[in-house]
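As written, the chains take the letters A, B, C, D, E and F, and residue 1 is the first residue of each chain.
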Amino acid sequence: MVVEDSDFSGFDFDDDEDGFEGGSQSERVPTGIKGFDELCGGGLLKNRSYLVSGNAGSGKSTFSIQYLHNGVVEYDEPGILVVTEEDPKNIRENMKSYNMDLKKLEQHDKLAILDSQSAKVGIPTDEEYVEVDPFDMDSTLKRIVEIKEDIGAKRCVFDSTTSLGFVSDTQKQLRINFLKLSATLSAIGLTSLLTSEVLDKNRMSRFDMEEFVTEGTIRLYNERKEGVRSRSIEVYKMRGSDHSKKINPFEISSKGIEVHPKEDVYF
Amino acid sequence: MVVEDSDFSGFDFDDDEDGFEGGSQSERVPTGIKGFDELCGGGLLKNRSYLVSGNAGSGKSTFSIQYLHNGVVEYDEPGILVVTEEDPKNIRENMKSYNMDLKKLEQHDKLAILDSQSAKVGIPTDEEYVEVDPFDMDSTLKRIVEIKEDIGAKRCVFDSTTSLGFVSDTQKQLRINFLKLSATLSAIGLTSLLTSEVLDKNRMSRFDMEEFVTEGTIRLYNERKEGVRSRSIEVYKMRGSDHSKKINPFEISSKGIEVHPKEDVYF
Amino acid sequence: MVVEDSDFSGFDFDDDEDGFEGGSQSERVPTGIKGFDELCGGGLLKNRSYLVSGNAGSGKSTFSIQYLHNGVVEYDEPGILVVTEEDPKNIRENMKSYNMDLKKLEQHDKLAILDSQSAKVGIPTDEEYVEVDPFDMDSTLKRIVEIKEDIGAKRCVFDSTTSLGFVSDTQKQLRINFLKLSATLSAIGLTSLLTSEVLDKNRMSRFDMEEFVTEGTIRLYNERKEGVRSRSIEVYKMRGSDHSKKINPFEISSKGIEVHPKEDVYF
Amino acid sequence: MVVEDSDFSGFDFDDDEDGFEGGSQSERVPTGIKGFDELCGGGLLKNRSYLVSGNAGSGKSTFSIQYLHNGVVEYDEPGILVVTEEDPKNIRENMKSYNMDLKKLEQHDKLAILDSQSAKVGIPTDEEYVEVDPFDMDSTLKRIVEIKEDIGAKRCVFDSTTSLGFVSDTQKQLRINFLKLSATLSAIGLTSLLTSEVLDKNRMSRFDMEEFVTEGTIRLYNERKEGVRSRSIEVYKMRGSDHSKKINPFEISSKGIEVHPKEDVYF
Amino acid sequence: MVVEDSDFSGFDFDDDEDGFEGGSQSERVPTGIKGFDELCGGGLLKNRSYLVSGNAGSGKSTFSIQYLHNGVVEYDEPGILVVTEEDPKNIRENMKSYNMDLKKLEQHDKLAILDSQSAKVGIPTDEEYVEVDPFDMDSTLKRIVEIKEDIGAKRCVFDSTTSLGFVSDTQKQLRINFLKLSATLSAIGLTSLLTSEVLDKNRMSRFDMEEFVTEGTIRLYNERKEGVRSRSIEVYKMRGSDHSKKINPFEISSKGIEVHPKEDVYF
Amino acid sequence: MVVEDSDFSGFDFDDDEDGFEGGSQSERVPTGIKGFDELCGGGLLKNRSYLVSGNAGSGKSTFSIQYLHNGVVEYDEPGILVVTEEDPKNIRENMKSYNMDLKKLEQHDKLAILDSQSAKVGIPTDEEYVEVDPFDMDSTLKRIVEIKEDIGAKRCVFDSTTSLGFVSDTQKQLRINFLKLSATLSAIGLTSLLTSEVLDKNRMSRFDMEEFVTEGTIRLYNERKEGVRSRSIEVYKMRGSDHSKKINPFEISSKGIEVHPKEDVYF
C-alpha cells in the first residue's frame, strides 16, 4: 500500500540506494570532527536526522558547519546549509576564524547556502540560493530538494529549527512540521543536523519535543562554574547505535571544534 | 443494562475468553525481558494497558518492542506495533543492533507494524499496514481491531501516546481519547504497552494524567550523575498485583534490555 | 426561609435523622481499616464528604473500596462505588488480591458499582448500574440518589473527582460542581470519600481547591527515598474532630491496607 | 465633594460614630482569643477589614468564628457570619467541639449566619438567613447591610473570600470586588475578618493581592516538619498599629484556639 | 520639532524652571527620612519618578507619605498623595501613630489627598479631592495637574501603581500607561514616588517592568528569618546618581521610618 | 538572485564598503571602554549587532552610551542613540555624572538622539529627532536610516529592545521584528548595541530569543551577595571572534565604566 502525497510525488525518494531493504545496514557518516566520531561508534547513521541542541554561544552552528565542511574536504560529500536567521555573509566570515573557507566550497558547487533570512526580514540579498517564501514549510522543503539535485548533496544542516515556530500556529502543527522536516530530509537521502536553541541546562530542546522525534540528540553545554564558562558535549541519544554515556569537554580554536573523549566533565 | 456504541458494535469483545467472570483471574503475560518479570509477580496482567514512560533516549521503544518480539519468539503471541512518529524502516534497522529481526516476524504474520507516521508527514510509504487518517482516534482504533483479526494478535505497543495530542483539541478530549485507547485495547483482548515521553525526572507522563488512567506504570530513567548517564527502571504502579518498590539498574546491549533486579540505584 | 431547587425537590433530604437539630452529634462512621480509625477519634463524621488524595499508585482506590467493603461486612452499611475512569471488571479482579469479593456484595445488594466509564469511552458494558450521561453532573447525582434508594446505601465512594473536569468548562464551574457533589452526598445522608489525583508531594489535590471545600482530607503518600518507594498516610484535616498530626506508614498486603499508627515517617 | 452610588445611597454610613473626625482614634476591638490580642497592641482596629489567611486545615474558620463568639459572650457585640461554601449545620456541629454553642447565640439574635452556599449548590435549606443570589456581589453586600440593621452587628466574618472568584470574570473585577467588600464592611461600621485560602507557605493569599488591599493580615500556618504537623500564627501586617514581628505557636483544644505569645517557632 | 498632544496642550510644562538646559543640574530633593538621604548622595533627583517597591506590610506607604510630610514640614514643598485602594480616613488615622498629622497639612493647603478609591468601589465620600473616573489614566493625570496648580505641589506619591492594571487591558498598554504616568509627573515638575507591590523577594515590582522605566528603585524588604520578620531597605537603582550598594536595616517607630545606614543586613 | 523589499529599496546598503567580499575581514570596532576591548580580541566586529543585557540598574545604558561617546571622541565615528522609554533630557543629565557631555556632541552633529518616547507617552518635546510613529517598526528603521545619512553615523545604540513588544502582537512577529532591526542596522553599515532587560540572573534576555539572533551577547550583572550589590560583566557570546570565558568585575565612577579584566568574580 502506498500513500502518495501530491506535494512530493515527483521527488526521487532513494529507497533503493540507502534504505533498509538492500543497503548496507547501519552505514556510518563520519563527522570528521576530531574526537567526536569515536563517541558514537564511528559517526552518524546514514540518512538520519539528528538534533544538535545547546544554549546561545554553545557552538551549535560551528559544530554543524564543520560537519558540512569536513564532508566536502575529507569525504567528498557535498552539503546544504539552510540558514534561517543569520546573514550568510557573517557566517562565511565567522568560519574563517576556524580556517574554513566556505566561499571556496560554494564556488566548486560542493556547498550550497540557502538564505531563508533575507526575505523574512525584508532586506535585499545577492545570495545565489534564496528562499523567497520562508514562511511556508513545503516551499522550503521543495527548495532543499531542488538544491540536493543540483549539487548532489549528501549532508544537510538546518540552522535553526526554532524558525519552525514561524510556520506553525499551534503546538500540534509545530510537531508535524518538525516531523515533516526530519522525515523528508531522511527520505531524500540526506544525513542531517538540525540545531535547536535551549534555555536551561536540564532541557534538550526549545519546544520540549524535538529530542523525541529525531533519531539522536547531540547536546552542547556552555555552563558557568565559579565565574568561568566551559564547553562540553554529550551524545544524549542515538537510536540504533551504541554511544558514549559520558559528557566530554571540547574546545573551539582556530582548528574548529575538538572534542576530548578521554576527559571528564563534572557539573 | 448494555450501552451500545455504534462505532464498535461489530467488534468481538472477548469477555468470555479473558474477562473477570469465567476466566482464570490474574493471568500473567510475561514480557520475557530478562530480570523484569520477577519485579512484578511474573509479568503483566492479561488484557490490561500499561504506561511505559521515560525521557528521550531512556529506552521506551526498545523495551516495548522487545516485549513484542519476545511475545512471538518465546510465547507464540503475535503482536501489533503502532508507530506514530518514526519511520518503520529505521525501527527495523535499529532493532537489528539488539539482534531482533522484526522483518522476519512480519513475514511470518506474527508482527504487524502500523505506520501512522507517513500519512501524517506526507511522504510516500510502501509499508503493508498504513494508517491513512492518523488524525482520527476512532479510525486508528478500527485499524488496530482489523489487524488484530488478521494476525490474531495478543500483544500491542502504541509508540507514542504523545501523538494523542494530535487528535485532541482540549485537555478534556485528550483524557477521553487516552481512556478510549486504553480501554478499547483491553476490551478487544490485547495486553498493551503505551509509551509516554516525560520531561523531568519527577513526573510520570507527558500530560500528567496517563499514569492515573492506566492499570500500571513502568518508568524508565536515564539520569545524569557527575557527567555520566545511567539507566534504571521502576514498576511504579501495578493495579491488582504485588510489585517491587525498588528502582533497579538495567543495561541495553546487543541482547537488548536486561534488568538487574538484585542491584540498587541511588539518585 | 427555604430555597427549593427544582432538580432535587423530590429527594428525601434526611435532616431529621442525621442533622444537627435532633441527631446525636458527632456520630462516627468507622472505616474499619486497621490502625486508621484511631488516628481520627474513631472514624469519619457521619454524613460528611472527605477527600482522599494521593499520587498515582498511592492506594487511593484500595483505601476507599476497603472502606465500602468493611461498611458492608463489619457494620452492615451498604455502599455505592462510582467509577469514572476504570473498568468495573478490573476493579473486582484487583480487589480479589486483597481478599475482597465485591461481586458477592453486589449479588446481595449491599454494594452497587455505578459505571460512568463505559459510556464515556464508548465501549459496550453489561454492568447493572451504568451512567449513560457521564458528562452531566446533575444526571450523575440523580443516578446516585436512585441507587441510594434502591439499596439503602449509607456510604459512598466517588473515584475519581478529576472527572469533574469533564463536566466543567471553567474553574468557577468546576468548584461549584465539586461543592454540589460534596454537599449533595452529605445532604442525602451518605458518608463519602472522594478521591483526588495529586501531582507533587506538597499539594493536596488536583485542582488546588478540593481540600478547602471538603470536611476533611486524607492524604496518601508514595514517595521515593534512595531508590525505594514507601507508603504513608496523613489525616491532614478533619473539621469538627480531633485527629493525629503525624504521618504514619501503612502497607498493602493480601489483607488490604493496614496503617501503623505507632510508627513514624520522616521525609 | 460627594460621590453618591445609588446602590448604597440609603445606607447608614456611620462616619459620625467611628470615623476619624470625632471618634476616639485607634479604638481597639479585642478578639478575646487567648494570647492573640497582646500580639497586636490589644486587638484589631475598629471598623477595619483584616485578612485571615492559611492553608487548608490551618484553623482559619475556627479563629474567625471564635472572634465572633467572643464578641457576643465577652463584649456583647453581635456578629455576622457569611458562609460561602460550607453547610451552616456542619459549622454549628464543628464548633461544639470547641465549646461554642452558635445556635444559642443565634436564638438570642446575637449571631446571624448568612448561608450563601445552599443556593449556589442548589440544595434546599431551612436556614433563617439565606443569600438567594450568591453570584452577585452587590446583592450579598445588601444582605449583609440588612442583617447588620436587624441584629445591630459590630463584627463580621466572611468565610471565604475565594468565593469572590465566582462573582468576578477578570482579575481586575476580582480586585474591585475585594476592595468593595472590604471597604463596604468598614464603611457600615463592622470590624471584619475575611478568610483566604493559601496554597504554599510563602504566599499570603489565594489571589496574591488580598494582603495588599486589606488593613492587616493574620497568617495561620500548618506546616509539616519531620512527619508531624504543627500550628503557628503571625500578625504579618497591621496598618496603623504596632504589632509583634514573631511567629508564635498555637493549639486548638476543646477551649478553641489558644496562642502562646512567649514561645518561638522555627521553620 | 514639537509633538503636541491635545490632551496636555494647555499644561504648563516647566522646562524653563527645572529642565536640563538652564536649571542647576542634579538638584537634590531630600526625603528628610532619617538615615536615608545619605544612601543616595543627599536625596532624590529633582523632577524624577522613583519606584518604591516591597511586599505587603513592608512600609511602602509609610515611607512615601513620610516623604510628603517632611516635604511640607521641613522644606515647605507641598505634596499630592494619590490613593488608589485605601480609605483616606484610614491613612490619616494610621499616620497619627507616627506623629504625622496629615489633616493639619491639608487644612493649610500643603497636602492634597486625591481619593481614587471611593468612586471605584462605589461608596460615598466627603473627601475634598475625588477622582470620579478612576478607570481612565488621562482623567487621573488631568486631576493631578489641576491639584498641582491649586496647591503648588512639588512632590507627589502615587500609591499604588498596581491600580494601573485597572486601566490597561494588555501588557503593552500597561507599560505605556506606566510610562505616561512617570513621564507626565516629571514633565509637570513633580518629584515622585510610585509604590509597587512585590510578591517575592527576588523581584523588584508587580509587573516586572516598573524598575526598568523609572529613574530609580527603592526596595523595601520584610523578610522572615527563623520565625521573626525584620525590615531593610535598598537603593537598588538611581540613574545619574551615585548610591549605596548595601542593604540597610530600618525600623518603624512612633517617629516613623528611621534607616540605619551604618548597619548591615544578611539574608 | 536579488530579493527587493520595496520598503528599503532606496537605501544605500554598503556591501561594497564593509561587506565580506572586498572589505578587510574581521575588522574591529573598539568600544574604548577601559578593560573591555581586551576581553574580545580588540573590540566588536564591524557592522554587527550585539545584545547588551542585564537587570535594572546593571549599567546597560551607561555602557552603551559610553560606547557611542568614545566612538566620537576617540575614533571620530558619529553615533545614533535611539531612546524608547526615557526622556533624552534625563539621559543628558545622567551622563554628566560620568563626565560625558552629550549635548556638545549633538551640537557638533556627531551624535543624534532619536526620541521615540515622547510621542508614545503623549507629552510635548523640543527634541530635534523625534519618532512620530513609535509603534511601527518600519517607520523607526526609516528614521534611523535618514539620520545615518545626515550625520554619517557608524555606531548605533537601541535602548531598549523591550519596546519591540509594543510593535509586535505575537511571539512570531516579535522575533521577526527583532531580526529585522538587527539585520537592517548591520546592512546599512552600523555597528550596534541593542539593550535588553533581564529578570533573573540565569537568563540572557527579556524574551529568551534575543541572544540567539544577535551576533554576540554582552551580559551585565548586578547581584546581591550577603546584603551588598556588586557589578560584573561577561562576553557571553561573540560569533566569529575569540573572547574571554570569564566574568569580570567592573565599576561605574565619574569616569564611567571601567572593567577589571584581571580580576575574578565568584557567584
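In this text, contacts are C-beta pairs under 8 Å (C-beta built on N, C-alpha and C of every residue); 3 or more make two chains touch, one makes a residue touch a chain.
Keep in mind that what you see is a predicted model, and the values were worked out from it rather than measured.
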{"item": "Graph distance between subunit C and subunit F, where chains that touch are linked", "value": "3"}
{"item": "Shared interface partners, meaning chains that touch subunit B and subunit D", "value": "C"}
{"item": "Same-site or different-site touching of subunit A by its copy subunit F, using the half cut", "value": "different"}
{"item": "Rotational angle, Cα trace of subunit A fitted to subunit C, multiple of 5°", "value": "120"}
{"item": "Greatest separation from subunit E - chain, by CA centre", "value": "B"}
{"item": "Gap in Å, rounded to a whole number, between the CA centres of subunit E and subunit D", "value": "31"}
{"item": "Geometric centre distance via CA averages, subunit E-subunit B, whole Å", "value": "62"}
{"item": "Distance between chain centroids, defined by C-alpha means - subunit A, subunit E (Å)", "value": "54"}
{"item": "Residue list for subunit D, restricted to those that touch at least two other chains", "value": "none"}
{"item": "Chain-level touch network, classified as line, ring, star, complete or other", "value": "ring"}
{"item": "Subunit E contact footprint on subunit D (complex, rising order)", "value": "1-5, 7-9, 13, 15, 19-20, 25-26, 45, 48, 171-172, 175-176, 179-180, 183-184, 186-187, 202-204, 208-209, 211-213, 215, 217, 232, 234, 236-242, 245-247, 264-267"}
{"item": "Residue ranges of subunit A touching subunit F (in the complex, touch as defined)", "value": "56-57, 61, 85-87, 89-90, 92-97, 117-130, 132, 160, 162, 165-166, 197, 199-200, 224, 226-230"}
